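Letters A, B, C and D mark the chains as written, and numbering starts fresh at 1 in each.
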Amino acid sequence: MAATLPGPSTDLDRQLQDLEGEIERLRRLAREQAIDLGGEIATLETRAEDVRKKIYTNPSPWHIVQLARHSQRPRLVDFVASLFTDVVELHGDRLFRDDPAMLAALARFEGRPVVVVGHNKGKDTKENIARNFGMPYPEGYRKALRVMRLAEKFHYPVIAFVDTPGAFPGDEAEERGQAEAIARNIEEMSRLRTSVIVVITGEGGSGGALAIAVGDLTLMLQYAIYTVISPEGCAAILWHDATKAAEAAAALRLTAKDLQALKIVDEVLPEPFGGAHRDPEAAITSVRSALQRHLPGMGQMPVQAMLERRYAKYRSLGQIVA
Amino acid sequence: MLNWLRRPKYSSLQRRDMPAGLWAKCPRCNNLIYRKELERNLKVCPKCGFHHRLTALERLEITLDQDSFEEIDAELTSTDPLKFEGYPQKLQEAKEKTGGAEAVITGEGTIDGYRTVIGVLDFHFMGGSMGSAVGEKVARASEQARDRQLPLVMFSASGGARMQEGALSLMQLAKTSAAVGRLHDAGFPYISVMCDPTTGGVTASFAFLGDVILAEPGALIGFAGRRVIEQTIRHKLPDDFQTAEFCLNKGLIDLVVTRSDMRSTVARLLSFFGAPRVEPVPVAAEPATPEPAQSRSGSSAADE
Amino acid sequence: MAATLPGPSTDLDRQLQDLEGEIERLRRLAREQAIDLGGEIATLETRAEDVRKKIYTNPSPWHIVQLARHSQRPRLVDFVASLFTDVVELHGDRLFRDDPAMLAALARFEGRPVVVVGHNKGKDTKENIARNFGMPYPEGYRKALRVMRLAEKFHYPVIAFVDTPGAFPGDEAEERGQAEAIARNIEEMSRLRTSVIVVITGEGGSGGALAIAVGDLTLMLQYAIYTVISPEGCAAILWHDATKAAEAAAALRLTAKDLQALKIVDEVLPEPFGGAHRDPEAAITSVRSALQRHLPGMGQMPVQAMLERRYAKYRSLGQIVA
Amino acid sequence: MLNWLRRPKYSSLQRRDMPAGLWAKCPRCNNLIYRKELERNLKVCPKCGFHHRLTALERLEITLDQDSFEEIDAELTSTDPLKFEGYPQKLQEAKEKTGGAEAVITGEGTIDGYRTVIGVLDFHFMGGSMGSAVGEKVARASEQARDRQLPLVMFSASGGARMQEGALSLMQLAKTSAAVGRLHDAGFPYISVMCDPTTGGVTASFAFLGDVILAEPGALIGFAGRRVIEQTIRHKLPDDFQTAEFCLNKGLIDLVVTRSDMRSTVARLLSFFGAPRVEPVPVAAEPATPEPAQSRSGSSAADE
């Protein structure tokens, strides 16, 4: 779920917060008293930027969680508008409802037909309420599966964009079988007879993310996250203390770098310094260049070999001793 | 009771799991039940029908023909891939508590003579949570079923993915679902039985992918937790929310089957789906009806 | 829909009704006055039976409609209980709801595994209300399809029992896409890779019937009906007069004999004299003997040849000029 | 207007269908619209956007590239298999009224240069009802698409099955759905467009089986009739019940597309799905935008 973020948790965070508060105070003062405090403000800005740089240079997992959830982070619609042409959005699961939390579309990437599915977080509160903050109902997963089947029929690659807090903890989502819907998608994607590229762009929240994230290649933006449980949820369960989310974020190994080390993610796509929200087009370009590199090769492999490789990939994940 | 199992170290389990008192209190009807009677009745309350949770070993015992079980991957267990604080200790405690190496036992056996691969999750082992090892064992069981052209029967009881393994535990949803997908493609049957409770990542993977899905009466079945949902929707949920009966009504599962009928129902399904049958049929595998199932449990309780 | 039947429409019907009324009157009289009218009653009974025989010997289409809808006609549960062993009923579409108007089961016919689907009319008002008078919701069709897919996976024959007034004219059935559900079933059954036997046992009501009635062999009980629209509906639309249902029943050619002539039905299964309700076990035996004759041969044909033949069958139905 | 069609006998259609008055009254907003303006606007009310029904020929004209249409099975028509009272007369009247032989026109043509098989139901022909001939023509169109490796585009407008052909009309649901199933299996695209109204048996067969399903704004789409439903449920239905927008919200169709965008949307889908394109692209097939579509209609209206 989209949780209220607890306050920053490191000394640098606190320094930055103090500086930003002071800058705001001076600005208000200057405005109200009509006095010139430009010099003082500039000095503080410089110092704040220094602190930001320190944070951004080596952000903690918890910082990364906040970057992944940043309200100004590029949304699916930004990626779609910039990366694709000839977009035709398709609606509905043909069963129950059209779920606006999941987007499905036919499109072209540099001329090549592809099928796009993805979590559809909103850009503002109104959009987010309409789209349930990017948390699909079962019909959202089922819409995605329906449209992925179209991709299969026509042998077009699927590009799945992942950005969701997770499955929706609501009664209707349960009643209509969200567990079944997620399980079904995972199974069907594991044997979908066309290539699937997964791009984790923001929050990769547990089963709600995985429901469209089984594929041949998993790309992940540098400050996206991918996790079995939210840090807050993990802290609440393990330590009965949701404010220990920062520790949980570190423990869960949810960053792109961690996940690449665990072989869950194939490639980490760089973001602009400070995060995608500081230069959305640069983040989108990062995804574009990855698609340019990988898409032409996808689907070259015979289908059966591709499915074997996909199976072997997921089959190998995990660490055990016997 | 467990002499038919090949791992003698499990034999101490039953006693620890069932404290020594002569009487047990039923959590639903609050009646005091004579413990031996409860065990004779497959741990189903004779007063109100409440199905008490079973350990994986108890489940195997009331399900399989005597002496038919050959465990696979008995020693396979998760490591601590994330160096997650406290996880090795919890794993160790769970092993000591249950006598098993992981939250699932898998193997091959017969049910009323029908050969099958079987897996049973143990809720007593870290809440039946699915980490790398549970996922691996379920995937291997599915692959073994496919290789040996046998059905797969899974009894689930789980709180979900094992968060101490982070996204690797999430990947077990993919691993197990993909393995089950291959079993489906190969045309072999997969029967999923949901026991109390089956929630989270296990529901969102192999447990909901059975050709036929059975559940025990009253079992809690759902993806999200009741309390989280109540916080989201800001009102109380009905009592039967996420019960097996609720799921049946919502079209999500095929049948609710009492514990006393479970063995015969699974056997009938295995027979229907063409599972090979061993000849001669094992002694203990008389046509499964409530009585034999009870007496089997009763005699084993007497063996203790 | 289960319409209220208008009164009988022929002279014989009226004679019979009068006789039955008179018998009832005499019986009441004898009871209330404690007098013996046995002789008179017996005479009238004989006469009534004569009229019945005349009717039954050559029942009109409208009589047949009433026989097909008779409340004592054997129901699916009667057929299932008598024809099959080792029955395991399966529930639910795994999407929305378990629809009690549609039954789906694994079973054995004389030892052989089969999958049974069928409309589940009730035996009394209470059952009928619970089962929506045998009119499925979309989830009913989807349940049937799900279980037919199981039959396909295991190469077991499907036996589909048809007995429904039709699709349900309700708002929720529309909202959840009953047209889509029926269309989907028809398409999928036309290419289901296992053999399908259809048995029309009672009312074959339009799309609600066809949704489980596409197969390799269509059997039909002698006094069952199969029609694109209810006679009442037809009369209302064409002649703005629902009481002309008897004429519509004749015009629609909805009897087994008619449908055999039109090649829609492959074989008519005889019913006991006067209709299945007068000897349900005899009607069931009629179905049993047909299954005994046909089931062993089903599935002998290679799947592709079977699908070609099934396609050719439906492809050929209809009369056109060019 | 119809010189590009190969069947001159259709040329009298337009005038009969559109009575001679200079002004038309919009049934939704009640505004009086200058008839030429309405036709220039593809028969969409310029005041309120109401999409007036089109004949099959009008639909073909605003959809296909000029001169690209080759009709198939033009003379194919239903007989009277049941000897149904009054049916031959009704059939004859419909033929005279529309100038066509049946309630669907099928053929091959290009849309913005993309080759496709196309079928258009004509609601003006016995309510677009599907009897043996309509089913046959739709099935043949589907088979022709498969044989020639082309897409299929169907514009539906129908009250349902043609009851005068009894169960034979019901069987057309099976015939058309089976044919479309083969097209799906062969991997060729099928785009279904639902126009006002698309109900009954046509919805319960090919119309709901498109890879992509489009609908015109406000089109009535449903299986059962509103009045029958209101009798059943004993309360009034909301105004938007069974509209295209309602179906979109219920997840049953992919898109609601205005008439002015329909041609370009279908062309884009055909392009996406790899329809072959004729070279050189026909003159009239400039990139489809509302304006060209309007001017095409306008110029043809002027041709009358």
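Everything that follows uses one rule, which is that a residue touches a chain if its C-beta (ideal position, glycine included) is under 8 Å from a C-beta of that chain, and two chains touch if they have at least 3 such contacts.
Here the structure is a predicted model, which is why all the values come from computation and not from measurement.
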Work out which chains are contact partners of both chain B and chain C.
A
Selected interface, A-D versus C-D, where C-beta contact pairs are more numerous:
C-D
Rounded Å distance between chain A and chain B, as computed from the means of their C-alpha atoms:
34
Cα centroid separation, chain B vs chain D, in Å, comes to 55
Distance from chain D to chain A - Cα centre to Cα centre, in angstrom
42
Could you tell me which residues belong to chain B and also touch two or more other chains?
184, 208, 250-252
For chain A, what residues touch not just one other chain but two or more?
94-96, 176-177, 180, 184
What graph shape do the protein chains here make by touch: line, ring, star, complete or other?
other
Mind giving me all the chain pairs that touch?
A-B, A-C, A-D, B-C, C-D
Please give the residue numbers of chain D that touch chain A in the complex, ascending.
184, 187, 189, 208, 211-212, 248-255, 265, 268-269, 271-274
Contact set on chain A toward chain D in their complex
86, 88-99, 106, 108, 113, 139, 143, 150, 153-154
Would you mind writing out the residues of chain C in touch with chain D in their complex?
1, 167-171, 173-180, 182-184, 186-188, 190-191, 206-207, 210-211, 214, 226-229, 234, 237-238, 251-254, 258-259, 262, 264, 310-311, 314-315, 317-322
Sort out for me which residues of chain B touch chain A in the complex.
73, 75-79, 81-82, 84-86, 131-133, 135-136, 139, 161, 163, 165-175, 177-182, 184-185, 200-201, 203-209, 222-225, 228-229, 231-233, 237, 241-242, 250-252
Could you list, by residue number, the parts of chain A that touch chain C in their complex?
94-96, 138, 142, 176-177, 180, 184
